[in-house]
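Written below as structure tokens is the structure these notes are about.
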Amino acid sequence: MRIISADSGAALLNERYEAQSIVAVVSVLVESPYRVAQKYVAEPIFSKVANSHELIVHELELCQTLLRETKADVVHLDMSFGGALMEELSPIQLSNVSSKARGYILKILPKLRKIAADIKRVYGIEVLAIGKDSVPVRIAELTAGACAILYAAEKAVREKQCVVLGMPSKCYARRIENGIVVHSLTSAEHDIVGSAADSEGVLAKVTFSELLNPCARGFRALEITPKLGST
Amino acid sequence: MRIISADSGAALLNERYEAQSIVAVVSVLVESPYRVAQKYVAEPIFSKVANSHELIVHELELCQTLLRETKADVVHLDMSFGGALMEELSPIQLSNVSSKARGYILKILPKLRKIAADIKRVYGIEVLAIGKDSVPVRIAELTAGACAILYAAEKAVREKQCVVLGMPSKCYARRIENGIVVHSLTSAEHDIVGSAADSEGVLAKVTFSELLNPCARGFRALEITPKLGST
Amino acid sequence: MRIISADSGAALLNERYEAQSIVAVVSVLVESPYRVAQKYVAEPIFSKVANSHELIVHELELCQTLLRETKADVVHLDMSFGGALMEELSPIQLSNVSSKARGYILKILPKLRKIAADIKRVYGIEVLAIGKDSVPVRIAELTAGACAILYAAEKAVREKQCVVLGMPSKCYARRIENGIVVHSLTSAEHDIVGSAADSEGVLAKVTFSELLNPCARGFRALEITPKLGST
């Protein structure tokens, strides 16, 4: 099965390790054995955490972008409704959701259903609200983490100051020859990774230091510091 | 302590990675340090997933079978009621359970209480509804996974076609000289395994390929393909 | 950030692997990258499990003890109320808590608020009810596990009999030259440890054997046996 999925993630942290803005949104194509993205599109967003519930619309739009250049059998969206068809998701199915979250979802539901219907019409495939049960959603999350490291490093170099990037849940980053690989640390996900190519060579201009977010168990952070003299 | 436990598990998957039938049921004897089964009995069942709630009765019957040939101090059943005595479990204690699950349990509760009372009378030991808290239940689950690989391989060879076997939660399979070892990938269970002896030599007649179930995070699957010319 | 935290933990088990008494309480100082305690104070307590809900008061007092000898920016308490300020925690915020737990908390809440107010007045720092979200609380738990091994070993030697010590959730103990290191086995915590120095040389007088608590998945136990002729 060829699965397209998307997620946004990694966040700039303030001094108290609180998330301030979401850094990257990505869409990925994943195929059997479902361990890594075959293809991805990514964007820097630096979106206020307060508005992050609206990012799901942009995530689905990015799936459309990827669908224009590659074929797939299904789309996995990062909303956890047991794999329900997005096109048919109705306010009644939100009864288990907290009233605050329901308010957010109701605001974006018409847009999501509209895009899901477009995808069905144009490409003949379904959009599933599968969220936390989906491996491709997790791969999208890790890929967003890898891309976010590059975007945050560019920002650190441009603004000549250190940034602290909170990584997605339970993962760690490893520098490779020409990019970044983010490995899952969730149990039974030892072979799932996200990666990003450093085409601009920004990694050569920064140093990294890993720490554990003391106020959020399971979340690691990277202190990214521009090297002296980098531009 | 000598603990007897049982579980059924591993499932044949369809093309959309949905479980179709449960492959194996096993009963195990586990002793300190509680890492592996000292002894087991297993049966291929290939039981429809829709009927899987009734398998718990057969699991307890298999514990009886094992009790006929070995001594034990207690029986751990895969029902999660905080370790309550099975013999005394009453409909009142099911108040926290969803109404659908309660319906299933009420149907089989008389049978389970009857077998538990028999075990108490004949062997003088208790049956505990301990489920997810029990390490022996987990070892039974992994052992069922190992046995299911052999049963699914036999089926693939017999029917001359590839099968996809969904493994139990958070584990992976490893071929050894004369059988299969299934290792837990749950955190803090790195030294817990289930295993099965390949007395029929079926493993020589198939090849394996591991993949991640894309629609069920934490679950791996094995594609089992008969070798050309095997019978 | 310099964070002071505390926890009590590790428990003597009976023959059925049920916790009987909590062995150690510790307070720790943790700094970036938040992987280990820079400093700790510990006490053997051997407190009945039935009274363990009152230990939280003693944990906070031990934070005060540590604050007398070292500076810190915040205190993390092992109560999970989303990081609320302890000083301002009111009975209203306990509405999500089970009625039994609420009863316990209401009994100790005045004392906790009083100590939190004292800490604020004297040291100018807040006490947060952050519990399960805090990495320093986890480091305190592992450090309590390490100290408990020493205390339990002393008890075994003194009373010339084997004891079975139930370790904190998802961790294992490793003997080093002059003490004990307890490693987390929780996913994404592979580099978090607690440790204790064996200044009395008690470890030379005992042998260890690790087992899995069969009735509590994720919990390991140590059988600690005095060597013949040790005093």
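Lettered A, B and C in written order, each chain numbered from 1.
Criterion: a residue touches a chain if its C-beta (ideal position, glycine included) is under 8 Å from a C-beta of that chain, and two chains touch if they have at least 3 such contacts.
Just so it is clear, the structure is predicted and the values come from calculations on it, not from any experiment.
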Fitted rotation between subunit B and its twin subunit C in degrees, CA, nearest 5: 120
Proportion of interface numbers common to subunit A and subunit B (over half same, under half different): different
Mean-CA-position distance for subunit B and subunit A (Å): 36
Multi-partner residues of subunit B (at least 2 other chains): 187
Subunit B-touching residues of subunit C, taken from the complex the two chains share: 15-17, 169-172, 185-187, 209-218, 220
Residue ranges of subunit C in contact with subunit A within the complex: 1, 3, 30, 32-35, 76, 83, 130, 132-136, 138, 187-192
